[in-house]
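Report on the following structure.
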Amino acid sequence: MDDATQPEDSPALRELYAGFEANHLKPLWTQIGNLMPRHPHPRAVAHVWKWSTLYPLAKSSGDLVPVGRGGERRAIGLANPGLGGNTYISPTMWCAIQYLGPRETAPEHRHSQNAFRFVVEGEGVWTVVNGDPVRMSRGDFLLTPGWNFHGHHNDTDHPMAWIDGLDIPFSFQNDVGFFEYGSDRVTDYSTPNLSRSERLWCHPGLRPLSGLQNTVSSPIGAYRWEHTDNALNQQLLLEEEGHPATVAQGHAAIRYVNPTTGGDVMPTIRAEFHRLRAGVETVTRREVGSTVFQVFEGKGAVVLEGTTHKVEKGDIFVIPSWVSWSLQAETTFDLFRFSDAPIMERLNFDRLKIEDDRQ
Amino acid sequence: MDDATQPEDSPALRELYAGFEANHLKPLWTQIGNLMPRHPHPRAVAHVWKWSTLYPLAKSSGDLVPVGRGGERRAIGLANPGLGGNTYISPTMWCAIQYLGPRETAPEHRHSQNAFRFVVEGEGVWTVVNGDPVRMSRGDFLLTPGWNFHGHHNDTDHPMAWIDGLDIPFSFQNDVGFFEYGSDRVTDYSTPNLSRSERLWCHPGLRPLSGLQNTVSSPIGAYRWEHTDNALNQQLLLEEEGHPATVAQGHAAIRYVNPTTGGDVMPTIRAEFHRLRAGVETVTRREVGSTVFQVFEGKGAVVLEGTTHKVEKGDIFVIPSWVSWSLQAETTFDLFRFSDAPIMERLNFDRLKIEDDRQ
Amino acid sequence: MDDATQPEDSPALRELYAGFEANHLKPLWTQIGNLMPRHPHPRAVAHVWKWSTLYPLAKSSGDLVPVGRGGERRAIGLANPGLGGNTYISPTMWCAIQYLGPRETAPEHRHSQNAFRFVVEGEGVWTVVNGDPVRMSRGDFLLTPGWNFHGHHNDTDHPMAWIDGLDIPFSFQNDVGFFEYGSDRVTDYSTPNLSRSERLWCHPGLRPLSGLQNTVSSPIGAYRWEHTDNALNQQLLLEEEGHPATVAQGHAAIRYVNPTTGGDVMPTIRAEFHRLRAGVETVTRREVGSTVFQVFEGKGAVVLEGTTHKVEKGDIFVIPSWVSWSLQAETTFDLFRFSDAPIMERLNFDRLKIEDDRQ
Amino acid sequence: MDDATQPEDSPALRELYAGFEANHLKPLWTQIGNLMPRHPHPRAVAHVWKWSTLYPLAKSSGDLVPVGRGGERRAIGLANPGLGGNTYISPTMWCAIQYLGPRETAPEHRHSQNAFRFVVEGEGVWTVVNGDPVRMSRGDFLLTPGWNFHGHHNDTDHPMAWIDGLDIPFSFQNDVGFFEYGSDRVTDYSTPNLSRSERLWCHPGLRPLSGLQNTVSSPIGAYRWEHTDNALNQQLLLEEEGHPATVAQGHAAIRYVNPTTGGDVMPTIRAEFHRLRAGVETVTRREVGSTVFQVFEGKGAVVLEGTTHKVEKGDIFVIPSWVSWSLQAETTFDLFRFSDAPIMERLNFDRLKIEDDRQ
């Protein structure tokens, strides 16, 4: 801010400012530079959480913290170091590691916040969504869109951990959230291999005539690793054969979508899976909105504002709005990604800047 | 028309009418009853073609008629008996049986007319769509949306027949068609099991990041029988287990859709597959727009304006606009269906009347 | 068609063809060149009807032909010379001159066909649309979207004529039409200056909170000449002042739209008004779909496939699909235009070719 | 939260929690009740600001605070008492009173934040939006959608004040804002009665052919009081005549819309104007999202969670998410309203609860 245009101090000015304060008013001229920066200037910072740190803490929680009604979930939120007292991985998104011990049940509830789970390792838990039991296994991406009852239970004798993603910060900041308790147990303890949602909806290009109404969120409960892996492999094979299929040389990627519209799985959250061949580097880019990656397999690095961070299986990193980033694959490098891009696009705030064109 | 309002004959009136004729004019008052009936009064009639008649004629054509540039296709169109001189199965739709002998090639061309193929029996032909070879096998539904180059070749020593559906009548009546010759051969004689379009697009709920632009027509070249059959089976199983999945008791059905939008595969043609359990009867309905069915498997009947027609594998029948119809399944009854419903819906002319509620 | 690929005549072939005919079948190979031309090859022809011919014939009809239930309307349709026995100005559109004598009433009815009226001269008739009396005056564009009851009455002692545009041919060809009689008189003989639809909807940029549901067709009953004329004048003034406002130098134009969507007024019919400064020529273009113009004021010419036709106030001309056309303004040249463009665009058949770039 | 499910304190638990803190993690189980309440539980509070307080403070600022580059605007923001240190009237919206002295200029800039102005009294200022001078007068609603350059100048010898509304809090919280300086003066000091945007776009139901591309925000720079007042009057007159036109008995209302789509004027802000007849009370409702009213004329009250607040001309009040509210009109009661409803609807968080049905 240019001080030349600031008023000179005087008793009258001090009286004016006191009048402002007494009447719940604040001048724009003293704060515009902060409130309206030249480009996004997030308080959230880029940060990497190591799986080798996260998992032991989750395991220890399993020993010490009960799961049940009230606390609801044994979930440990990743709190962006720049966002002070809040458990927000970014201003809009929540990310947590959730842990369920052998034979445990997390009770049913529902909320208007949109939620997903992604499984970096393990199996044996079923999440029951509106009464439909959905198996959770390594590589699966699972949905619990807003206002669907859901609980989880571990059908095995070993614990299981996964990550949860939600729009809790956005919902909290903007006062949009509703919450309701359901059953203290899950309503169906059966353990089918495929959920009913998949049996109805997961046939490529085929839509049930009983499901012709478009839905706000995807009706698919689980996007299975088998399909994701196959889709990425096919893209790389097609590329090898000389056909357009990848987003960039050596870089396969899919977006999880709502089959009734072809659009994002939920109104506030985009989810994707990326596979880079060993040696591939992406271009450096800046985007409006925040994004989170979890390394699923392989080794590589993320370059955040010019600083290289090595990452490997399970590691999670957040990229706040307009922070420059690129990925580098040391081995074949598989990454799950989620972001608030649907918020940005639906409100027309999305912007992209490619900083170079290496790729 | 109420004759009370018709003008009395007189020399002056005859002079007036002569003036109309000389100047390319016609009065509404003498024709409104015909032009604007109380409800659709199609010239097209409901009609059944027997596969047992169609196939031998196609086979005989295979012996007598060459296939190549100029004639383009050995396709025999089903001409609605009510539509006089035109090879239209309905005012909007074309349906033909196409026959390709051992090792024959139908040369490449493209046209703005939208086309599909459906295979009631046989295998061994590949249709090459914009250079992508697409295997054709029993139960497969294959797309050639407008303005895509395509040719066919039979890779085997036995002949193969299938049905073609296009919007030729609509395009011809409304003067929208463009046509261009391509290669006299097909551009790729390889015979992969899966087309590149399937390898890129047929992963349930997954969209390639290289394909984020919505497309007017589906990018999927082939909807495989394996998936259709599985989807229908799952609907019936879910119904048995007590969950909503079918359109009516004992009636499973899917719509083939464009994965980029969840909507119809092409702008003018809807395609569906229906499976009725033995003994099931559908409600009787009337719809605006014309529809065509081909029996894929099983035995049953279609009731058209109260008249029952027995039909079996391969038989094709057309239901013109606002003709009442219902289906009756003697055995498990599988039917492929296509119609001009997207035209009706996009132009807001669609109407449905359920005549009873047996089902 | 290349005769080289046609089968040689033989008894067997003749038997085959007889089999086709007996079974309501026709080969594609003998007709593809006609059915699927290289570009639209309309049977409809470009044609000009002179107002100086039309109006006297309408007036004579007023003397000889009663108006009332059964004949419904004293409307004389313009029959495209290329379309044989049908009163179609094009394959999709109907255009008629309608004439109502002093104190006459055209009875109420409704139909699924979409209709509009445009008034090239005169005043004194009110069209009553679903009970809302709508004044008709020179330059006004008036809507009767599908399935709205409507009748007309002449409140004066002088006759009045105007043109009607409908999608009757499209509806008839595709069997989509429904029709119902209403009152034999109009339901409201009051003669307000503004219809209720205008009082509710004609406030620029303002939408009633009681009308937040989008409607298939525009809720506006009358688009007044005062607004059209002002909009066109402002475009030309802005152009003079150096600001972008016109579609081309000296060529102002507006589209009549549905205020709930910003799109076309009805699902099948586009309507526009064009004003060319004296001396202006438009580029030559070809478009898929058929279009009709009526000269509202001034003198000029239309060039159709290279042939120049002089036209003046009231003259009507039709341009079939893919016929090249341009306009030339001798004086300030005002033209009303309607077309089937929404059909073409909604079904993705629209194409445009600019033949030159004079403008 | 049910303490029964909270872990018991122990050295191990304290070590676990220290591990969380050291690694930027926080457990969900200790905070879920706060983060995910049963229904929105806004920190923002309902509050009324009196114009009789606001205006004198603005006037005093006019004496003491210069306007120019750096401070940019002499705008005093209304700071919700519940939102601590921030000048937010709600979590999403900014509202300020802006004051421009005789012959002063507020320099040009642009930002991605969407902005509008509403004029409760006065005249004489022109806001110049992308070079188009837009007159500001009592009752006018004026737009400056994101990324349009704009400055203001007072062309008279008397001061003028108005309110500004923007999505600054939403943009700041979510890191989406960009800002750029423009000219230190405005680029056009002319003072036309109508802006170019109005001359091109403010013709009811008419769309310029030069403007067929839909725009993210409305292209209209000013919605004039004359039109708003007329629209509201017509609704009440139509109601008197027995026709549906108002939202409830005695309650006329319009929404300001983007004429290219019929939707909201900007992606994040809805704006409406409401007129209640004397004596009318609205139903009590709760809505997700925050809304702000300014009384334009008349006297009445707003009931906020059961507490009645008398309000009159110029008074501004905010209703946070899910706070119950109703309006009571003592005299004819005119109110301008804006809200974040487009955010809620585009992200599918909108909910409405009618608490009674008095109206």
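Letters are used for the chains, namely A, B, C and D, taken in the order the chains are written, and counting of residues starts over at 1 for each.
Note that in this section contacts are C-beta pairs under 8 Å (C-beta built on N, C-alpha and C of every residue); 3 or more make two chains touch, one makes a residue touch a chain.
These numbers come from a predicted model, not from an experiment.
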item	value
Minimum number of chain-to-chain contact steps, chain A to chain C	2
A-B or A-D - the one linked by more C-beta pairs in contact	A-D
Copy pair chain B, chain C: interface residue numbering same or different (half cut)	same
Intercentroid distance (Cα basis), chain B paired with chain A, Å	43
Chain centre separation in whole Å, for chain D relative to chain A (CA means)	31
Sequence positions of chain A contacting 2 or more other chains	none
Interface residues, chain C side, partner chain D - complex	196, 198-210, 212, 214, 218, 220, 223, 227-228, 230-231, 234-235, 237-238, 243-247, 253-262, 272
Touching residues (chain side chain B, partner chain C) in the complex	1-7, 10, 12-13, 16, 19-20, 23-32, 35-42, 44, 47, 49, 53-54, 57, 60-61, 63-81, 87, 91-92, 96, 111-113, 146, 168, 170-180, 216, 267-268, 288-290, 320-322, 340, 342-344, 346-349, 351
